[in-house]
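What follows is a single structure, written as structure tokens, with notes after it.
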């Protein structure tokens, strides 16, 4: 086995130097924005602007989707190059996914697999160039975890679909360019055979976006009121949305894997080293050390499961239950870490004021513990999927869909 | 043995429930919490009228002379709201500190005002954001000609912004802790709101605040034992408030399992959803019975120090965890600040810290039962 | 509210003195047998003999079933008298139930409610006299938690039932006098309407009892091979067994309540006080104190839930979900305490040798944590019943059966 | 990055699986555990033939020169049994102690014997039943004319009864710890079986046992650092054994959810049963990947002390908890000593203690990463 994330062929070493220098240059002056617990931790314009700009610069270098074909905006590079990019940007607490403020990371692969040549040519270059903010728009108020029970209707009318319905709990504090969504294209059709995927310009008439103020920050409700979407934006063909979803959602559900180190632990160590109580550094306190030990174990297990899934994805042998297992663990670890941060920092853990300690993200960690118990499913649906993949109580095991 | 409420208590419970229904229905409370409104002066005044401020104080001071259990029954209903305001911090804890440690003159001067709501006295004890206890009292009390000069910052004072007066814990040059009654309007006192994922806390700073010798509650350097004695009597009432909150969460969650339909059936038919509710039931009932047994001990003259610490550990943990389990059931909908669960979720995080974390109180419980040789 | 277990009318005070003196006299010389984690902790003849003899003596004084009618072997006393007996015997780590080595405590109430006058007259006096060891014989290898799926057949043949089948996981190391069991009296009948309760003399021809060596100690498999049981021993009438079960099992399932203090905590404190590590008593060790604090909280919650259920039972207002909630909690607390005892005592917690420390029961505590995760159902069926009693996902809540 | 086993490792894995199938199938192992048979001399000898004793030792001593990962792969298969015997305690840990701390003469004398199974050297380190570590070394080593006289009792020595020799940790008059190689047949050495809810432990007492100066492994009073160094290399292999055990439990539990029918359907259709399996999966995979990453670090010359402690904490906890979750699924049937789960359940309790509990290793992990200023 080899857990090393640093391939060391001369060519790759040179590329790593190049990436490292480029990042150092382009991160200059924005070090304080290195990491947030999530896109929307801070909800300030400065961070948004910085990240979108960085995505654009990375995209211009074709480094956002390095292994994708050149003609679509990728660089046609090897998996080793992607490792380099992921691991180097991870040092800034970012990832190729999280610089975006968009879900292109999930959308582009699905377009690659299911899009027509025309769709690819139109959508992929600006997306891989980091120019677009795309939101995934999935959850409906009635459906909740049951995404197949989609009530947003898209009825064919000439060259358009007329879309009506509502989605909730999506996006963040600043508006998107495109929406990527599940619609019911055949209300009379059978479950799982009546759905379509649509790629919808966010500026079309009839779309209203309203902020929702949530525990984790701002998200949105989106209303579609007779929105005319060109039929050519249907991805994967008529009534084929569930198939698109299947390979696509596995990515969101943990199957994509990750090479990231979670920055929370290092930040907390730094905090404990510089904070005293009763004349002694918190790092010398046995209670604090015990909490840190538990946290480190959880984060290491999470890191390794992410790494495992990443590896399985890229050798094209999807891990059967690895995706939902990672997601389930991640939710539980986030919840436990929320409590741990409060145990270590006390009231300060509830306070996002930067002047208290440099780490605004601690407060985000506390509220995102319970806040992110759902999102792309719940603890309960994660376990439902794991059970199917393990074939518990069933004669056979369900395969993980091949991710895109 | 008799584990039911008596008729009077059932009546008090109903009065409190009706009060909330009229003055502070759930959607209104939800709105207050979203707007971080932690004190409603008008409602606070009205509760004085119903006799909920200083409920356990003797008649002579304008109190209700109620038993701890009676008071717990009322606070349980308030917790269902959860009705915000300094009902506990002033009406129970500060009142008890003054009753236990105040001079006759102080009692006569302040307790009636606490009972009629004209003074809101708030304990400002710990300076440190992490730990509760005498070690975290860092505000200095320097001897002056006429008394003491106080300097320091209490980073998180629950209900601090509602205060007309503070009971400030401060450390003297000899290393002891004094409690001093300080007028919020005194020169050098500053109150700053604290934002974040909590409610009701404010930063209270004392910059060379002069207090007279008559401001001292309890003997010189013997302030902390006064706090401890008052906590034994007060904490179980705060716990009853948290029990009521858990009860409310339990009921709203159970109800949701009946009305919310996903995958073609009410979600309560799914075993996983059921188990979240079961987990709440255990936290709720554990907190309930530990709390009420402690209240009974207080009313029966049985030693209750360990029980009070135990109650706080169990009830704060129960409140915190019940919110988590409820979030597992409500999922996205429950994270919206427009949802009644959010008021609880925010408050539970603050009360987890308030007057000591569960770990602090577990240790205090065991220490009360089995004192350490090496202390 | 009044949590006091000591009623103090003069009559009751005098009775308490009498019980206290009697117990002191009759426990003399057997103090080392005061408490075991369970009947079968020790599995030695001395303890068995002692307990059976004590049950006989208590029975002779009519103190085993003090509130039951005199004509059946009770004393016709008040509930207050029963409190006195329960609380005084609890000081020896025993209870009116656990001195027996029998399940008469569950059987007698069911006989009182469902038995014919003839059955009561025959069975109750020796049972209330503490003379009989009765086993409950419920679980079948195939049915497991699904007790209604009873495969042991009892086919009427003249004045007898002919019983064939097998029960498992019952009893203890020494044989019973009677078996109290569920049988299928109508194999063609509908589920829940095809069952009967039988009271079977254990010495009838065709009954074979075989030891099973389990984690928790010795239990048994019982084989019925054409056993002729007089039809008059059918309790509750033809095909009425599920109704008997319903009120009866609530008692086993926690609804009976308890006034007991769990002796484990006190024993562990004593152990920590007399045990040193690195020159200091374990009681001074913060880690040990933290574990003890957690244990105390769990045991206090368990005690209070038991007390609540006891009170609800005796005021005849059964707590809707209290029974299975108690049982579920008890199983989880037992599991956590098993781990805690090992954390405090280390290897010694795995060692039942009396010479190591006086507390043979610690080792039993460790293995009964996982060992007693089932018995009268499982964690999973406990929660199933709680959910029904709470009416989760249902329009109405199921009542707890009135216990007998 | 490459997270699969290589061809050689797959082969080793198959050889080990076949060995177990032939020599120690599950029902036979179950029977051994019920009878508390913790060492099978014939099987032990056979494993020497396959090269599993001293697998990681250099060729020159008769070892296999295998990587830590190779050795882990084999031990994972042994753990599936769980095959009893001093494979780890002697073949890995004692071998490593001698390799790290032994003189050239000692290595030459003992390592080949460990590899061919003719000597079974068992570390006897802690005296205390609760804690592991240098503080729990209480056996005295009194200076004698020719070396030392050892006196004391090691209450729980894993695989103690299988030993031909012991590596005894003892405390000298200066307070340091020495390691001494002691013949089991030496006058004053007594081995007593220990019964109870565990397997493989024996009480080993030393009553005025004379050892020569040449019996010392490592420098005078510097014995414990030798143990620590050896643990870093050895523990991950014990962890791999526990990972194999968890894997076996996971598979047998999953299979049972398919074949066991209650309430008219396979129990695996019940969400509660599914969740017990999910919980096992997390413990298993956590232990697996932490362990294999640490093995990879050892093979790659990357500092692995913290990782070794972390592995032991995680793998022992995983084994212990996986048994609990499996018991929730198997219920009554799984508590019968005739059921294969029981061997695991008993062993997991013993390994939880062996060479330090999870808490001990969590602290050692953090201490290795962030040394305390005050130590």
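Quick notes on this one:
So that you can tell them apart, the chains are marked A, B, C and D in the order they are listed, and the count of residues begins at 1 in each.
Convention: contacts are C-beta pairs under 8 Å (C-beta built on N, C-alpha and C of every residue); 3 or more make two chains touch, one makes a residue touch a chain.
Please read all numbers here as calculations on a predicted model, not as lab measurements.
Chains that touch both chain A and chain B are the following: D. Distance from the chain B centre to the chain C centre is 41 Å, each centre being the mean of its Cα atoms.
Chain A and chain C have CA centres that are 53 Å apart.
Multi-chain contact residues of chain A (touching two or more other chains) are listed as 380, 383.
Those residues of chain B in touch with two or more other chains are numbered 270-273, 275, 359.
Taken as a graph of touching chains, this assembly has some other topology, since it is neither a line, a ring, a star nor fully connected.
Residues of chain B that touch chain D in their complex: 270-272, 275. Listing the residues of chain A that touch chain D in their complex gives 1-5, 7, 83, 269, 281, 283-284, 289-290, 292-294, 296-297, 300-301, 304-305, 307-308, 311-312, 321, 325, 328-329, 380, 383-384, 386-387, 390-395.
The part of chain B that touches chain C in the complex is made up of residues 1-5, 69, 254, 257-258, 265-271, 273-275, 277-278, 281-282, 285-286, 289-290, 292-293, 295-297, 300, 310, 313-314, 359, 362-363, 365-367, 369-370, 372-374.
Here chain C touches chain D in the complex through residues 139, 141, 143-146, 149, 168-169, 212-216, 277-278, 282, 287, 335, 339, 342-348, 350-353, 363, 366-367, 369-371, 373-375, 378-380, 383, going by the rule given at the top.
Chain contact summary for the complex, chain B toward chain A: residues 34, 128-131, 135-136, 155-156, 194-198, 201, 260, 262-263, 270, 272-273, 320, 323-324, 327-328, 331-333, 335-338, 342, 345, 349-350, 352-353, 357, 359.
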